[in-house]
Amino acid sequence: MRILVANANTTEAITELCAASARAAASPGTEIIPATPRFGPAVIATRAENVIAGHALLTLLAGHAGAVDAVLLAVSHDTALEAARQLMPCPVVGMTEAACLTACLAGGRFGLATFGGTETYRERIAQHGLSGRLAGLIGVDATPQDAVRDPAGVALKLQDAIASLAGQGADSVVLGGAALAGMAPRLQPEAPVPLLDGIACGVRLLEMMVALGLPKPRLGSFAAPRGRVVGGVEAPLAALLRGG
Amino acid sequence: MRILVANANTTEAITELCAASARAAASPGTEIIPATPRFGPAVIATRAENVIAGHALLTLLAGHAGAVDAVLLAVSHDTALEAARQLMPCPVVGMTEAACLTACLAGGRFGLATFGGTETYRERIAQHGLSGRLAGLIGVDATPQDAVRDPAGVALKLQDAIASLAGQGADSVVLGGAALAGMAPRLQPEAPVPLLDGIACGVRLLEMMVALGLPKPRLGSFAAPRGRVVGGVEAPLAALLRGG
Amino acid sequence: MRILVANANTTEAITELCAASARAAASPGTEIIPATPRFGPAVIATRAENVIAGHALLTLLAGHAGAVDAVLLAVSHDTALEAARQLMPCPVVGMTEAACLTACLAGGRFGLATFGGTETYRERIAQHGLSGRLAGLIGVDATPQDAVRDPAGVALKLQDAIASLAGQGADSVVLGGAALAGMAPRLQPEAPVPLLDGIACGVRLLEMMVALGLPKPRLGSFAAPRGRVVGGVEAPLAALLRGG
Amino acid sequence: MRILVANANTTEAITELCAASARAAASPGTEIIPATPRFGPAVIATRAENVIAGHALLTLLAGHAGAVDAVLLAVSHDTALEAARQLMPCPVVGMTEAACLTACLAGGRFGLATFGGTETYRERIAQHGLSGRLAGLIGVDATPQDAVRDPAGVALKLQDAIASLAGQGADSVVLGGAALAGMAPRLQPEAPVPLLDGIACGVRLLEMMVALGLPKPRLGSFAAPRGRVVGGVEAPLAALLRGG
Amino acid sequence: MRILVANANTTEAITELCAASARAAASPGTEIIPATPRFGPAVIATRAENVIAGHALLTLLAGHAGAVDAVLLAVSHDTALEAARQLMPCPVVGMTEAACLTACLAGGRFGLATFGGTETYRERIAQHGLSGRLAGLIGVDATPQDAVRDPAGVALKLQDAIASLAGQGADSVVLGGAALAGMAPRLQPEAPVPLLDGIACGVRLLEMMVALGLPKPRLGSFAAPRGRVVGGVEAPLAALLRGG
Amino acid sequence: MRILVANANTTEAITELCAASARAAASPGTEIIPATPRFGPAVIATRAENVIAGHALLTLLAGHAGAVDAVLLAVSHDTALEAARQLMPCPVVGMTEAACLTACLAGGRFGLATFGGTETYRERIAQHGLSGRLAGLIGVDATPQDAVRDPAGVALKLQDAIASLAGQGADSVVLGGAALAGMAPRLQPEAPVPLLDGIACGVRLLEMMVALGLPKPRLGSFAAPRGRVVGGVEAPLAALLRGG
């Protein structure tokens, strides 16, 4: 099975970080194909960058349509997830979506800890219809750069956040954002509740989806595009939208 | 006051239709600047097209930043609305958002009638936090082409939908989608409840927002971008994301 | 255009404060007509006073029916709003409703700061169907009298509340209550997010509603009263309820 | 124990109907005191009438403060309920509130059948926080006059509505509105689920509240008014608002 | 009237505590029948114990079917409430359900204070559809044993929790859990809002339900079981499930 | 990997049906261990049976604790799911939970079709926090016996239900109930949207959970029981509750 791990920003180092997490989580026999968009934000930190990244991501995915069995969106806000799910002929899962749904299997309510702001996570979780399972969100005052410079200090801040979320009723904590990919194993021993890595959850959920072999819907807003005419996009994306 | 009426698809005829509605609704002294993206879908009918259109739309808007006082998104799903609101130095309103908020001033619950599917409208209204004010959605079985070919027949279907929504408890009905722009005046005489045209509502709400002169937030997820590095986008958009 | 700015308590000074805010916000050509009820509470501070003020307010409005183009309820809890909307032949908007809907155009979630208790605001915002857009409510420990006696001290408390609400995720803050009318311009320079004055928002929203010229619904619970028989109310109110 | 059964309209026949239902439901030793306002609507059928009736009702209640042990609001929309609860020194319950809360003890979800429109019931049940327990609302196309003229025909329509609500998942059905007071016993034998009469439920819930002897809250928005100055209201109401 | 006060754990002392509270709350003429299961947890502190207790409780109730007029579940999580309501030929009320519904009659929102964790209370209140009426939950750091050893210290902690909940907007506070049965009278004098004892509320609500004499639904998921075949359960329970 | 497929009723044929579905869905190397309770309902059709089955199911599971890697509850209402999740040292998933969460990965909203009543499914989905993703529920008028007697006729009814749910906006349809296990492959070719079999989804989700190797929470209401004393239960269950 070939799973595309698609970053939505152009920073290859993050793609590699996510691909490493994905490989660590994958079953034997699952091949991880890392992919990085050719245009768009270096890092997504604003709503506008997220929109641009959506186009970049769909372009990236279209170039792999038919050549992969599943797609994991390795981007914290599940950028363009529903569009990718409609567009692609294979299962598509977002990393935050994956972690949140897995959290639903691990207890009652879950928390989310991330670097920086939390409002867009709150919105995304609401769009997923999971607000009722959310115990709280904490934006740790640190950057991915801090995590490299002072890993122990940042780990401490994250542990505080995790403990605080558990105190608010979280039975598990999602580590939000690609920058936190791979940190779960290091933080888990001290944490009072299970920690969820979106990449690991996503890879395994995709293996499940591929195994189930569900057909695409033929009706409704997730049916494959047919006959759509879109200008100024790369050929593989245009072809997918044309359908047939 | 200069209001940009920005279509998100590349069909100039729809831009013109919306601009005409906008001019009819605008105050004296308000200038309507129609604008059409240079790339993207001819008509947005799928989730993937909506994502691509988001990029096209932000590109289009950035080219007008500083030259207009307000932006109306003349696209049914309020494509890239939150991103545009964060990005632009002036107020931005979406046409469906505008109609739904105006409906809140016209009664208790509102309905929405449109051509085709309704699920993505349902989602958008939920994202706006207005599900509790929504009495129902009806997707009339007709296309924009039908509306040109058989206006009387389509009007009849729309009147049925409006009456049905009123019967479900709607005190007003939003006509959803740019293809319905300008139809409210023709349908209103027979309709039992007020009909809301997103373009007309949007123009007037933007005049209000400009008059209020609210500053942009300096904190949070709607604060203007600063120092963002984004590759492969047109210069004005890159400049706005860089900020300063 | 003539906009009635109707206080719901009998304190003329508050009527004047609101009228001044309204005039400052109005378009050229909009005339502000202040009005104060002839009976009811000096200041509304309890649920019972709010009910009595509802009757007083409808009585006041009925006396102006046909002579004004729009009505702004200059009272913090949007007292009798839905009833006034049904009763009057022109658009009616409440000041808190106006600020909250405008806040929806200025960002994602909003906060509300006021003097005193916040539970009745929470309820009113829920009735407006906007709980999902509400980031938090803060009741500052101060009275309108304090604001006169110690404006700097009270401003400081309000700035703290505004900053705290922004920290809770509010992209804008509604200043709740007629006693805060006109304070937004003074507080705005220090505030990290836009501040919303219900009077200013309301005047501009009413100008929009008048311009749109929506008919009243002919069906449902906002259709104009007809043939209602009500004893012991003043003649203009009785006449409106009789209809015809 | 003395329970005031307070109508909110001026039609004595409805007061008597409700009082009869109340007496049929009351425990031995409970005295039912019927009361009718001296001003306000003959029948409440619009939002504006409901507001006026709120004032009339508080005036009526204040005249009985101290002389009764509990108050049942014999009016379908629980008019001025929260205000009355704050104002009065004894328990206050609304007839629709009473029926809906009792329905919660009789099964999972409940329906509501009434004469005429249902939107204001839907709003009231939402204000009570009970939307999640509501399976559906049906407004039977009949008037109280029809019920007198053609009781069998109206009963048939009501039975259809009750069966339909049961089919929608209602485990019980609230008969909404004072005009339906006393009809439950006649309809019950044919009905597949229990029928709830707000007057009967209210009387029994008030007996419970009196027996529990809960103090009034000293904090918050239901604490008794103190020092309120209200002009143009009758002396007993002014006195209650002054407090002390 | 005979009300079964059914504990769901096997600790007779708690049964006795609840029975004493029930007797103190009951009307003259109401007989309280305490009952303790013969198997199951000594104290319910985990989800698994709650499930086992459900079976034990239904077994216990079935043994009294036909011999009592009503059943009060004297167990904090309203264990097996809906099942008992379907099964038994008489009204059944849970103590937390009873307190929460009564709280709805005493103000707007309510709080809940208990010993230990609160997540399962949050879930139970959500299942009752009352989340919108819940202002907050506080789990006091104390055990029933502490309450015996150091009643004054525990009372102080509870008073702090009650005051804090009132500050969060609670107009009343439910004392959650059988271990707190009977503490309301001692804590009430110092408390700023009314305190609700589930046993007292439950007894009175059951007296109401018996007086109303509602039939069981003949349709839906609360209709009495018929023809069910269940092995390994005691004869009275098997008989009730067989029905007829 | 050993997955226990635990029926909650005593009908071995259903256990076998589910085990066959589970085996068809499992990865190579996954062993399916079917298990049937020794007491409880033959088929769960009432709330009371569901409670008894909860005890039977926990008893059954405890007998396998330590000997299996994961547990699938092969029972439509996810009987005792949260309790089992707390109790067992390995992942536990319910079949309806599994299908609903998988549906979230297959589109926007989902529907549910089953034999018989739907209210308890509606409640269970609400408890899972997924009401916002639910497009509708249809209870087909057929029994498991009908499905054996007249498979073509029942299939037709199910296809109608599936089409109707798709028309209501469902992007996929959950086949609810163990009696429908294994029917998805037969119905899928005609269905316009993917069909979800809870057993297949559950097996694959459990394989994911085992692979992720999440620790149990050490805090909160899903932490393993310790020191609980429970009488009258079988030794393995008592041992798990004692912990250590």
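Labels for the chains are A, B, C, D, E and F, by order of writing; each one numbers its residues from 1.
As a convention for this text, contacts are C-beta pairs under 8 Å (C-beta built on N, C-alpha and C of every residue); 3 or more make two chains touch, one makes a residue touch a chain.
Just so we're clear, the structure is a prediction, and the values are computed from it rather than from any experiment.
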{"item": "Contacts common to chain B and chain C (chain labels)", "value": "A, D"}
{"item": "For chain B paired with chain D, centre-to-centre distance based on mean C-alpha positions, whole Å", "value": "43"}
{"item": "Centre-to-centre distance between chain F and chain C (centres being mean Cα positions), rounded to whole Å", "value": "52"}
{"item": "Shared-contact residues (touching 2 or more other chains) in chain D", "value": "82, 85, 108, 119, 123, 126, 132, 169, 220-222"}
{"item": "Chains touching one another, given as label pairs in label order", "value": "A-B, A-C, A-E, A-F, B-C, B-D, B-F, C-D, C-E, D-E, D-F, E-F"}
{"item": "Residue ranges of chain B in contact with chain D within the complex", "value": "108-109, 132, 169"}
{"item": "Touch list for chain D against partner chain B, complex", "value": "118-119, 122-123, 126"}
{"item": "Residues on chain E engaged by chain D in the complex (per definition of touch)", "value": "25, 27, 82, 85, 91, 93, 97, 101-102, 104-108, 128-133, 166, 169-172, 188, 192-196, 200-201, 204-205, 207-209, 211-212, 214-222"}
{"item": "Touching residues (chain side chain C, partner chain D) in the complex", "value": "10, 38-43, 45-52, 54-56, 58, 80, 82-87, 117, 119-120, 123, 126-127, 220-222, 225, 228-233, 237, 240-241"}
